[in-house]
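Common to both upcoming complexes is chain A, partnered first by chain B, then by chain C.
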Partner chain A sequence: MFRQVNRLVFQAVLIGGLGLLLQAAQAPVEMVKVPAGVFTPQFSPRPGQKDFQVKSFWLDARPVNRAEFLEFVRKYPQWRRSQVPPLFQEGNYLADWQGDLSLPLPSQEVKQPELQAVTGVSWMAARAYCDAQKKRLPKLLEWEYAADETDPEKLSWYSLVGIGIPVQAGVAAPNQKGIYDLHHMYEWVDDFNQVIMTNDSREGAEKDNQLFCGNSGSATDRMNYAAFTRYAFWSSLHPSYTLKNLGFRCARDL
Partner chain B sequence: MKKIFLLGLVCLLTAMPALAEDHSHHHPTSLQGEKPTGKSLYWLGGQWKTHQNQKLELKSLKGKPVVLAMLYTSCKAVCPLILEDVKAIEKGLASADRAKTQFVIVSFDPERDTPSVLADYAQKHGIRASNWKFLHGTSKHVSELGALLGVRFQPNAQGDFIHSNQITLLNVEGEVAYQRPDLKEPLTIILEKLKANLPVSHPHQH
Partner chain C sequence: MRKHIHSKIFGSLLLTTALGTGLLGIPNTAQAQETSYQLANAALANLPVENAILTTPPMVPPAIKRKTPAKVIVELEVQEFIGNLADGVQYNFWSFGGSVPGKFIRVREGDRVEFHLKNHPDNKSPHNIDLHAVTGPGGGAKATMTAPGHETQFTFQALNPGLYIYHCAAPPVPMHIANGMYGLILVEPKEGLKPVDKEYYVVQGDFYTKGNFGEPGLQPFDMQRGIDEHPSYVLFNGSVGSMVGEKAITAKKGETVRLFVGNGGPNLISSFHVIGEIFDLVYTEGGSLANKNVQTTLVPAGGSAIVEFKVDVPGNFILVDHSIFRTFNKGTLGILNVSGDAQADVFTGQQSDKVYQAQPMHKPVATTPATPPDQKLMETGKNLFVANCSACHQTDGAGMPGVFPPLAKSDYLMADKARSIGIALKGHSGQLLVNGKTYDGVMPAMTHLNDDQLASILTYIRNSWGNKGDAVTPAEVKAVRAQQK
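After this line comes the complex of A and B, so read on.
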């Protein structure tokens, strides 16, 4: 009797331990509840309106990493590198992977490539990923609101983002809202293509003028170069673009 | 609202056999199960419905060029001009060529522009021809279509949209063959491109 209980306890401990191990290997990304607030974006999406009420929402605490994206393409073969049509990716989709289901090899600088933020993913693929997690891409306003801080991080973002080396997601210190890596690379947002409204097509000289030349007066904080760069970057994208320094994270309504 | 949805569902279900029939006399070049070409918009999925409350898959448009514009029906200022321009493109074609072309208007206001609202809109603008389709989609697929085409639409505080005014020409494969960037460009340009993209061979000759 006693022995049997002992064995049961042993089994329970074993199973529990295994469970913990498994969890450690593929801990689902934590989400941070971003509190509601009023936000003044760098560029107003609505002419004549400066401040915007942002509802509380959930945001992934860190960008999606390669291991997670690998799991996704295992489950959804149509999003493997060899399967995604040019309509949904311009040609460098997951270009740094070894193959459809093999990640980049570890290197001197990057010991655990699977933990790095996945980049080289198009908007269509990022959307499909979040969809599969029953999440969505954050709205531009939500992303900027979550990233908005009056701290020097803004400037470090400016210097880091150009390097194009994917960050190990979730390692550097989080910001005041408890969110990691918002200032280490570009990230997709759901409405990236709505940044600047013109009556013209997407290849608009006018659009660039609005951002860079005559129109800097419409920017609310002229010193916030990081946000400035992000808006310019977003406005230049097409949903099929796949770039080395462009990753994503997901959001969810409360 | 729910009632309208249910009514739509009922109409949809009753329309199903008709749709299945429609698939059987598909254009011979669009074989069943054949993959779209790389940049064809017909990779885009989604549950679309026409203003006649029929379910539609974008890839069923394959085989004929498509003149496509996006708008919303409660728009008072610019959208009627977009529609008038699409009608003018149709009028610019010889009548035999009109039948070889499809005219597709997609609403980027799926919440208000239900299939029945779209039907009223079509009627109000005197559109009866079967090669015209006013499409209702889920907001997910509408925003994907808009993003892929570079059409921008952003709701404003007054319940209107700020939006761009492109008219897109898709070739028989569903690839973007030309895009008229704004309302200023003379229609002759897109019309010439359309004529160049009309299917040459008659569907029955094969």
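After this line comes the complex of A and C, so read on.
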């Protein structure tokens, strides 16, 4: 187990150092092949349908880290902090960085800031990053399927106060599907605003019975407050938002 | 005019949608909202503008002196923080303004309230606010759905006077409320409320923790308990002892006290009562109907009541939820301390105190020779005492005059070890005489504690706060328990 983690970290550093070419070539290695399956999401995106067939896809084993995002902005200057137009970011884009091309300094709590998940990026920026890797953002349904978790111990982050420190690659154990660093921050998904579009948690009855979020009657698992919280969070977002507790990972079709 | 606004918004919506779709594939209604703000703002241009004074419980903002409407700006910041549910028990609270309940808001009927909701960037969850004082969809919830690090704004006219709950309505709604996201907004009637001497702010709420009442440490939220409606805590103003000792609310004899009482829920209905007082006036459910001479008034979850009474007699008056286990075992207890000289024509206090000769209730049990209690036993005893006994007897063992007998330097406690064990095991009901004062209350049986636990509690209380006795052994507890069967 420990070995596997080390290998992942090593790969991350290697990839960060050697740049995008190598990463593109090796992408499937640090991606996990999520097997096809049937999934029942907390809120169905389609009225009347509970279960959904999810096709097999590749998903990054862990969130994109700062070193990787730094490589990206080196190569694509239009995504540097001083260059991104306000339409693509609301104002706190990479706010914790020291400058366009300099990461936060190490601290007592974060010894290797380059290995922390990148946060404070807008949906457009996350999307552009994945594009550049010839990948894409995962769909909400794919993310929920891959991240499915019921162990309350592993979901405690959602009920605790404060955002915590963005996760570091491969430190905690992966879930059953081999995915690392879930449920320690929020992550962008491609279609984050498909659910609870009204933003009012209880108005769903009028718009779409399936999405009556405040009413747990429409929810698949009324105990799963972590999923409630994620859906609520996604529905509060606008694509230009850049939040401290919001990072991303990429996906790819088989 | 209205038609005009609609068509304008609709047009703008279409435009932004077209733009948004073209660029990003996502509709954007920000511009449409901007337009409607401008129109609404134009209508408000002639009103005087003021910033609302917001207060933390148990304080209430000053009465409104204005005789005409104003535009009132309210700014509330959502704060997620770790605070005390009880001494030694922490909880992850979510709040409107850093306290539970949140800040008290006071406006006047007819006011236009410009509401700003701020979600601190270090918060984890999106939040919003549904004010029951709002006439409009969601009570403002949809208009204020706010991501961390964002601020939203909407304006409403306070059409109906009354005392209203506000709460968060972001999903999962029950969890947001259970974590403390509620407070009160008072819409004063045009003619104002009758001036009184003291006003206070009290909100009841039920809490659902993984550990039972008193279990120390940071306690996570327990969803199953919430669904089952089995709270581990029921509290006034967010913590055990929020209004006792130095934090008790106060008044002077002869003053009239008005309590703005709310109930955030999420589940329980409160039977609000003040021990030793009769409410002269109750604005039932926080509305305009005034009832007189009420002992206990119902406060629905997501509802309120305004109660008023003149305090004619000095002393401690105890605020309770008269669903009384909640007071004695779950925390709904606050104190109104009234100062002043005795008022014997209304209440004499105790007039006589005689020894009552009765048959002994328990046969004395043979005691072992005195041995000094060991430190570990004392420590365990202290923790268990705090969790199980201190709500009534207080952490310093002083009890509460006239209500809960003291344990500190208690002649009754120290006189008969077996009797004390018996009371812990079986509870007590009826009169007893402690240090020359009569008490007439009910103590529940500590049946949930085993022999070891009871022995440590009894050892602790018999060797604390000036008490000096021998240790109580589990064997002694066992012996008394066997005798009671």
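The rule is short, and it goes like this: the second predicted complex is superposed on the first by the 198 of 254 C-alpha atoms of A that agree within 3 Å, B and C clash if a C-alpha of one lies under 4 Å from a C-alpha of the other, contacts with A are read in each partner's own complex, and residues count from 1 in each chain.
In this section, a contact is a pair of C-beta atoms (placed from the backbone, for glycine too) under 8 Å apart; a residue touches a chain by one contact, two chains touch by 3 or more.
Here the structure is a predicted model, which is why all the values come from computation and not from measurement.
By the touch criterion defined above, A:S235 reaches chain C but does not reach chain B. Of the two partner chains placed around the shared chain by superposition, chain B is the only one that A:P85 touches, whereas chain C remains out of contact.
Shared-chain residue A:E71: touches no atom of chain B or chain C. Of the two partner chains, chain C is the only one touched by A:N245; chain B is not. In the superposition on chain A, no contact is made by A:E30 with either chain B or chain C. In the superposed pair of complexes, A:Y225 makes contact with chain C only, with no contact to chain B.
Chain A has more of its residues touched by C than by the other of chain B and chain C.
After overlaying the two complexes on the shared chain, residue contacts for A:R46 are found with chain B alone; chain C is out of touch. In the superposition on chain A, A:N193 makes contact with both chain B and chain C. 87, 124, 193, 198-202, 238-239 are the residues of chain A that lie in the contact sets of both chain B and chain C, per the superposition on chain A. Here chain B touches chain A in the complex through residues 35-36, 38-41, 43-44, 140, 143-144, 146-148, 150, 152-154, 156-157, 162, 164-166, 179, 181-183, going by the rule given at the top. Within the complex formed with chain C, the chain A residues making contact are 87, 92, 124, 156, 158-163, 193, 196, 198-203, 213-214, 216, 222-223, 225, 228-229, 231-233, 235-239, 241, 243-245.
Residue ranges on chain A touching chain B, taken from their complex, read 45-47, 49, 85-88, 123-124, 127, 131, 190-191, 193-194, 197-202, 238-240. Within the complex formed with chain A, the residues of chain C that make contact are 23-24, 26, 28, 30, 80-82, 92-94, 121-126, 128, 137-138, 141-142, 145-150, 169-175, 220-221, 223-224, 227.
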